[in-house]
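Order as written gives the chain letters A, B, C and D; numbering starts at 1 within each chain.
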Amino acid sequence: MKSDIKDKKLAPRGELKVEWASQSMPVLNLIKERFEVEKPLKGIRIGACLHVTTETAVLVRTLAAGGAQVSVCASNPLSTQDEVAAFMAGRLKIPTFAIKGEGRKTYYQHINAVLDSKPVLTMDDGADLVSTIHSQRKDLIKGIIGGTEETTTGVIRLKAMAEHRALLFPIIAVNEAETKHFFDNRYGTGQSTIDGIIRATNRLLAGSTFVVCGYGWCGKGLALRASGMGANVIVTEVNPIRALEAVMDGYRVMPLTKAAQEGDIFCTVTGNTTVIGAEHFKRIKDGAIIANSGHFNVEIDIPALEKMSKRKRKLRDFLEEYTLPGGRRVYLLGEGRLVNLAVAEGHPAMVMDMSFANQALAAEYLVKNRGRLKPQVYNVPADLDREIARTKLASMGIDIDRLTPAQEKYLSAWEEGT
Amino acid sequence: MKSDIKDKKLAPRGELKVEWASQSMPVLNLIKERFEVEKPLKGIRIGACLHVTTETAVLVRTLAAGGAQVSVCASNPLSTQDEVAAFMAGRLKIPTFAIKGEGRKTYYQHINAVLDSKPVLTMDDGADLVSTIHSQRKDLIKGIIGGTEETTTGVIRLKAMAEHRALLFPIIAVNEAETKHFFDNRYGTGQSTIDGIIRATNRLLAGSTFVVCGYGWCGKGLALRASGMGANVIVTEVNPIRALEAVMDGYRVMPLTKAAQEGDIFCTVTGNTTVIGAEHFKRIKDGAIIANSGHFNVEIDIPALEKMSKRKRKLRDFLEEYTLPGGRRVYLLGEGRLVNLAVAEGHPAMVMDMSFANQALAAEYLVKNRGRLKPQVYNVPADLDREIARTKLASMGIDIDRLTPAQEKYLSAWEEGT
Amino acid sequence: MKSDIKDKKLAPRGELKVEWASQSMPVLNLIKERFEVEKPLKGIRIGACLHVTTETAVLVRTLAAGGAQVSVCASNPLSTQDEVAAFMAGRLKIPTFAIKGEGRKTYYQHINAVLDSKPVLTMDDGADLVSTIHSQRKDLIKGIIGGTEETTTGVIRLKAMAEHRALLFPIIAVNEAETKHFFDNRYGTGQSTIDGIIRATNRLLAGSTFVVCGYGWCGKGLALRASGMGANVIVTEVNPIRALEAVMDGYRVMPLTKAAQEGDIFCTVTGNTTVIGAEHFKRIKDGAIIANSGHFNVEIDIPALEKMSKRKRKLRDFLEEYTLPGGRRVYLLGEGRLVNLAVAEGHPAMVMDMSFANQALAAEYLVKNRGRLKPQVYNVPADLDREIARTKLASMGIDIDRLTPAQEKYLSAWEEGT
Amino acid sequence: MKSDIKDKKLAPRGELKVEWASQSMPVLNLIKERFEVEKPLKGIRIGACLHVTTETAVLVRTLAAGGAQVSVCASNPLSTQDEVAAFMAGRLKIPTFAIKGEGRKTYYQHINAVLDSKPVLTMDDGADLVSTIHSQRKDLIKGIIGGTEETTTGVIRLKAMAEHRALLFPIIAVNEAETKHFFDNRYGTGQSTIDGIIRATNRLLAGSTFVVCGYGWCGKGLALRASGMGANVIVTEVNPIRALEAVMDGYRVMPLTKAAQEGDIFCTVTGNTTVIGAEHFKRIKDGAIIANSGHFNVEIDIPALEKMSKRKRKLRDFLEEYTLPGGRRVYLLGEGRLVNLAVAEGHPAMVMDMSFANQALAAEYLVKNRGRLKPQVYNVPADLDREIARTKLASMGIDIDRLTPAQEKYLSAWEEGT
């Protein structure tokens, strides 16, 4: 089996970058050491559809150390780091199908190339493997032990499948682990989205009005960082409890049609579709910048924008100017794809360490519990989750308190009162 | 049935303060308007053990408007606002048993006075009614429909009871409502604890080292506000995931024996016992200030402090100086009772509005579902929770987006991919 | 010479509170130790018009230790702590003229009582001593060595006098010391104003819209703290550079007529007059809270409010409700006097330590330089300022770096380039 | 006269980027419109040694519009944007001498190429033009009207020259304008330094310990942004007042030898030399990242680091690993040159708009006042400064209050008291 990557010669550069990332991934590296001894994934074929970044290389190396045969394709056409793909294909000898900027057709060819390896475990970031299997490659299903899913968007899709009884093998929702979504979604998306927006624009955030669409964990992280950079943040939401949280966190909350008239920068992180659309483009200020950091590029209605625009041109890398009737200009970043991966380098290794430790342990768990799980969406077991946090703290040299026996007793007692 | 309060003549003053609080409680007032028409609690005897504050008066008035016969005692010896007790007893004609500074014996007499009214619904803040009933007043159990519980500490106790199969009637954990613990615990405890500490000490928080013991919702809120006042915050925790969250939020995390040597101000919000004890007092700096904002006054080991000290004297209201061997002085606030209620006025009405809206709706729900619930700890139904948030936003004049049909469809679909 | 205070019997209570404050005033206490030995103020009569608080007692005790004969009156009718006045008069034997809530007439009688002591040094907080001397007690001028001024408002007045050549003796503007206005105005006013507003209202700041009028050092501190408590902050300014700073700090900036329609809480800190007036009351929302933390109670146009209102009543201590035509209610805190002193306890001792160290050293400097200074407004000499900071850091156990000889040389050289 | 740039063909790309930057520079563009009409710099030869960035192109275009003949060289070997140099040389027809990565020798050749144009106005960013003129090109001095200086470091050098009476023509310290250092140094350096560090490392700042060396305006901005990204910030300082400010702002302050053992990331912004040196490298943790954002690359003692290291290799662009005895690894960013320009794109156009508006107006002022200024370092006149702020606010659509006649009178009066 061969790979499809941009340029083999980028491998040495990729290797150094992976080494750098690996330094911030002590938890995954400890798992790798154990996997090398125990080989819990021996002979297991894993098909992985993930963002092909330095951190993913560290995960793939860990799975391979555990005995797995892994093949990898990109989970987004713009998020691949070509030097990492070259390193994985060339040095790690992992079949890798990922080229930054690949078209939709190539994207699905790559997914199918991975599926051709007849994986018994799937590892998804956005559920494209699972949905392709369920719609076009049903023959694979009977051989599959189960799969894992990395992201909110994917979990939403998979839970919808489970609810429609369309899901045919068990999935562990890595995203639901506290050591995943508390950290990756909040601190990872927060920083990397800001990073992507600044790289694409070099605009000053301080003093700008920054509209965050969606106040889930990603939105909370993004609002926190935008505010930490000095922006005045407006939040839009459809969930009243989250909306109220945003108000109490000091942000303004309003419908997007109103926010459209105030914002300088907009970023969607909802997991939903058509969040910014024609009715917003009609109201938006001249010079507004629009980005998406949700998984799919459907959050901004780009077809509507294209249709409304009289002119389109590229001013900087990842920065396209659309001129609307009347002369207002709107700037779209990274073609509306997740700006933190398309323009910047995605989540820092430090958070991916925990997310991918969950992936590796979830894969081991699926294999260990083969045949015992139903075709449902499962959470990562709480003890794995907690153990990852404990290991992470230790790797940072941070010690914490432990419950005394008296305290444990107190927590399980109910007699003592005021 | 009569009341036991400090001074009837305080009623007019209490009435004005309740009017002031009521202005910030639009959700509860809307429920009151409906209750006046529908009388869903008609003839229901409610025994309530709550902090006797202005907001509680608004709740009690709401329950009474729904047809209930309410009697009230204090859920903490130091948290009663005597003018409010006078107003409730005098103007609202609610049997009220609460005197600020009452001793332990009086405290339990007051609980029993409420139980003498043979309540069929209990309303607890710390589970003292429920645990007294289960240990000393078992005769009441057969008549009881169920109860509600306001606080984390109480929920911990009640879940322990349920796990030991000791709980004999259903409880709705109001604390678990998102419109309760996201807001009351975080924003309410955060502000009111800072308020209590400043009132007791008039110390500058900026530039101080502030140690928060516990990083649950209350601890998160407190750390955020201490930091917002310019303090350098240290967090101590026993849960590794929460500890890691605190690290990522920019705080230092370390064992309390180490933090003891750095802190200027310490505050416990754990729901546990003996968090600050002898081994910490041994290490603590001269001049350190210690407070508790957890429900019970067991978080600081005051007996140990008393035993170690050579001298004790009161410098200001709610501020006692303990002189340790070697001359180090430790300052204890409000006798280690919840500093936000003992020294300040507790949570602002704005957050209690939602907490108590949950209380009122939970009482109605218990009555409606009489006989259908098991002796377990239930959450507040999600639709009540969400409706409270929606009403609150509307009362603040804040409009939010709604899902379009296309978005609802997208969220329940799984076919569309990258 | 005798005192005019509320109640002598409050002295023991005052003494304990002064002891508590003194613990946070290590710099002033070190100066006191030196003064006791060197007696630099021997025989100097000092007239002090200051807020009569615990910290002022520590200052007065320091001046007396240096040999001065001090007499004191209040610099604001509402800011006196009666127990401290009792302590100063009774235990320190300092002639003290200050009663909390004294009327305008008594206020000026008290000023004149101090002037009757024929002070040769004046110590002002708002320039009332100096302006009374220049307008009504000109006979005193020839004996006066000079004076000091504590606050922004006073410095504005005195510089206006100097510009009109009306100032007849030298003044040291303690307010201009960096160890004063960087700390006292910013961190002191920030915290204590928030403290005053919360004590008066018990309102939740999180989620509220908080309008700060004026973005000088006090306004910056207040906006920072309001934001740190979770409020959404709007700033109003007349100075374009400060307005731009506020924008870059993430706040919204707009004219007050517009902010009037959005704000839940308003606080003036401008040092100017009629900042909130009739045109704003006309637009303000029902339930809005208005406070002032500037020196004089002219920042809010209370006569206009009184005139416009149909009803006025007191709901809580320091909280008065004005009902405007149409039924909108406006709540005025502490009669529009500086809310941090009228409702709370003023700046914490920790910042007053530096402000009053500047006062004590400025008094010493005036005496040492008697006859050498012109009738102008002088800054505190920079070396005194820096020495205070150095001593403060040492008292906090904080060590800092020192320039190496090579670094000192580098800073004074210009040859070395890129 | 010809240029020395990397590649003429980059000009179109440079032009688009300059157009993008120009959109955020409304103040400078308004000045350009006026200059085109008034031609205040007609025939004036300007030699400019500035960072060759998109914003500089907008400035140069403005000066040329005013009639000046400008020639430009880089003020730092690593900060040049080659496509902008190509645009300036090719489209604007400005003699431009700047190549990213040029060596020390080329750097000084470029300075001399600019000086060969016999400038009568100098425009410096770091004082290299002025110091070269004073040391090697003294013949030019008699023809020179004066110069401007952009940065703190340059102002320190020039004031040292003036103090030694070595400065031979007047300089306007653009850096001292409030619309410059309040904004550019604080918000510009803050954001762009964080940007540079993240681009070079992709490390998560949240949860890291970030050491800021120097707490001037740049250091304040950097600490604020590092903290805003979730880092735990330690500040080191030599000035006790600034150190105390840092403490009150909630940061830890300690000597760098101690901070060296705690920090994950270090950044110098002092304007001084050898701030991080051998004694710190000895103590630093394995994996520590070191950067400089001060003007010159002398803040980190790189020769000492080179000498101590056993191995050096490049892991990523702008990221070099030094392995110390014992195996500890230290990562140096951008060769210790100002990380915001060497790794990222420098200050956003939005702040450079004001800095360069000051440059343009200072140039006009020097020409207008030719012969009337002494060989000293002057501040930008306050009315220019304020006018720039007013124009900037207007360009952002922000309106502010104006003093009423009654308020102006109040501020200049002194009679009215309490």
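Definition applied: a contact is a pair of C-beta atoms (placed from the backbone, for glycine too) under 8 Å apart; a residue touches a chain by one contact, two chains touch by 3 or more.
Fair warning: this is a prediction, and the values are worked out from it, not measured in the lab.
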{"item": "Pair from A-C, C-D or A-D with over half of its contact pairs in common with B-D", "value": "A-C"}
{"item": "Chain separated most widely from chain B, comparing mean CA positions", "value": "D"}
{"item": "Chain centre separation (chain A, chain C; CA means) in Å", "value": "52"}
{"item": "Length of the line joining the C-alpha centres of chain B and chain C, rounded to whole Å", "value": "37"}
{"item": "Contacts with two or more other chains, residues of chain C listed in rising order", "value": "187, 206-207, 227, 230, 244, 247-248, 396"}
{"item": "Complex interface listing, chain A residues touching chain B", "value": "75-77, 104, 107, 126-128, 131-132, 135, 156-158, 160-161, 163-164, 166, 178-179, 182-183, 186-187, 236-241, 243-245, 247-248, 253-256, 258, 271-275, 296-298, 385-386, 389-390, 392-393, 396, 398-404, 406-407, 410-418"}
{"item": "Touching residues on chain B, where the partner in the complex is chain D", "value": "206-207, 227, 230-232, 244, 247-252"}
{"item": "Contact set on chain D toward chain A in their complex", "value": "16-17, 19-21, 23-24, 187-188, 190-191, 194-195, 198-199, 201-207, 224-225, 227-230, 287, 314-316, 319, 344-345, 347-351, 396"}
